[in-house]
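See structure below.
Should a chain be cited, it is by its letter among A, B, C and D, assigned in written order, with residues numbered from 1 in that chain.
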Amino acid sequence: MTAETMFYWSLAATALGLVVIGIWGVLTRKNILRIALAFTLADTGVNLILVWSGFLPNRAAPIIDSSVTTVVDPLPQALVLTSIVIGVAVAALFVVVGVLASRKSGSADVRRMKELRW
Amino acid sequence: MIRTIVGLVIVLALSAIVISSVSDYSVPSELIGAGLNYTEQGVDDTGSVNLVTAVVVAYRGLDTLGEVVVLFSASTAVVLILTLIPIGANPTPPSSIVAFTAGILPGAIVLFGIYVITHGHLSPGGGFPGGAVVASAFLLVMLGSNTIPGKTKFLTSIESLAGLTFGLLGFWGMLTLGQFLNNLVLPAGSPGRILSAGIIPLISLAIGAKVASELSGVFASYRKAGGEE
Amino acid sequence: MSNTFLIILFVLIGGGLFLSFLRLILGRKATDRAVALDTTTLITTGFLVLVAFLQGRSMLLDVALVYSVLSFLGVLAIARYLDGGLR
Amino acid sequence: MNMTLLAAASMGTGIMMLVAAVAALVVKKLISAIIIVGFVSLSASVLFLLMDAPDVAITEASIGAAISTVIFLWGRGKIGGQE
């Protein structure tokens, strides 16, 4: 296994592991803010997977100047650029709704929130 | 307990599906499809050296308009909820070190944010990260002051003005060249200069102002919600 | 730039990062973790500069610049929270 | 040579990131979890730079450094001390 292959697949394994850990946290944690944190982790992992899908080793960043001949795919990066900013706005909404729900039920525990039960 | 086991089973099944779907995949060496097209003709088409900004603003400008609308609705929902339902608290005053720093640094941070926004077609940056940097400067002002910013109406007007500018620049291309958000209603210029790449710097400014005012509005409503009751 | 020098740089940065990471994970109190996050941020900013040097492109330095400006704000917010503000 | 160093850097960053992500979910106090998530965001920015995506790295840095931390700190202050 060459260094290039290890570089490429270690990035993919990190991103997939982050998504898996985030989904596990969303499913099993009990505090509403902890669930929001796990959601943010899964969001970061999905962004990593999207950028990885356009990544080719041994190429340069997609900013053309005289020293660059081959670049990576710019299209997934452009998608992720907006996805990050929208992700933080959605996290803000998540936190506000979570705070309101915890005020209504008197606790941050999702087991006591009838609306959020599963 | 049952919740943990069900969660683990779901997660393991998901990762097994993903791993089996990429098992016969090897390290790519060539670009295909739209990416190849963009990297070969991007600089000639748009005049922007940074291909990511070219894709965000020029090739996929309509998608960016839609994403800005999504951001707008999310931040509006936050501000609306916090305006309707006040949540009380009383912040303690900051120490003198924090107050002193918050008096000096925001100007420099705003200047750096404007650099990031306006050089979006030459170096890494653009409207989205630059707007976040400017919003961080607003955050520093709020961290260093004990008072509530009373007048945040100018944030709303900046936000509306930026959205209107984005739409009008799109309609300018429709009127003159017959295509919504056409980049070349202004000359492309020589790539690598600050005054080049058509209307990409103007749209970057509009996106940056919109992102900065929306995130700042979220923070201002947080502080307002903390101050009442 | 010789290879030996590069390897020494990587080992120094990686070792410092690992030690402060241990404090971040194992830290007894929240203040320990906040200080560890600050240290990690500083060392990682150095690593970002090193990556820009390896690729030979000065425009990648912008990332390190943004992080060094804004990481201060995150640590300041955490400190302000632990102090009793932001509530 | 460079590729070996890059592979080592990406593997080390990835392992630290996954350990930190698990720690953020199992650590007791919520404020510690928020600080550790800040570290995960920082590592993600490094990985984006290693994947030749400086635009995405700059966005992740500007968002994850201050803004998302403050959002979660605000929620923690409103919900109160219970865990």
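What we mean here is this: a contact is a pair of C-beta atoms (placed from the backbone, for glycine too) under 8 Å apart; a residue touches a chain by one contact, two chains touch by 3 or more.
Please read these numbers as outputs of a predicted model, since none were measured by experiment.
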| item | value |
| --- | --- |
| Of B-D and C-D, pair with higher C-beta contact tally | C-D |
| Gap in Å, rounded to a whole number, between the CA centres of chain D and chain A | 10 |
| For chain A paired with chain C, centre-to-centre distance based on mean C-alpha positions, whole Å | 20 |
| Interface hub residues of chain B, defined as touching at least two other chains | 50, 52, 87, 89, 116, 123-126, 128-129, 132-133, 136, 139, 215, 218, 226 |
| Per-residue multi-chain contacts in chain D, two or more chains | 6, 34, 50, 53-55, 57-59, 61-63, 65-67, 70-71, 74, 76-78 |
| Multi-partner residues of chain C (at least 2 other chains) | 59-60, 62-63, 66, 70, 73, 77, 86-87 |
| Pairwise touch network: line, ring, star, complete, or other | complete |
| Partner chain B, residues of chain D touching it in the complex | 53-55, 57-59, 61-63, 65-67, 70-71, 74, 77-78 |
| Footprint of chain C on chain B - complex, ascending | 89-95, 98, 101, 109, 112, 116, 123-125, 129, 133, 136, 139-140, 143, 226 |
| Residue ranges of chain D touching chain C (in the complex, touch as defined) | 1-2, 5-6, 8-9, 12, 16, 19-20, 23, 29, 31-32, 34-36, 38-39, 42-43, 45-46, 49-50, 54, 57-58, 61-62, 65-66, 69-70, 73-74, 76-78 |
| Chain A residues within the chain D interface of the complex | 2-4, 6-7, 10-11, 13-14, 17-18, 21-22, 24-25, 29, 31-34, 36-38, 40-41, 44, 47-48, 51-52, 55, 57-63, 71-72, 77, 80-81, 84-85, 88, 91-92, 95-96, 98-99, 102-103, 107-109 |
| Chain B residues touching chain A - in the complex, by the definition given at the top | 3-4, 6-8, 10-11, 14-15, 18-19, 22, 27-31, 34-35, 38-39, 42-43, 49-52, 54-56, 60, 63-64, 67, 70-71, 74-75, 77-78, 81-82, 85, 87, 123-124, 126, 128, 131-132, 191-192, 211, 214-215, 218 |
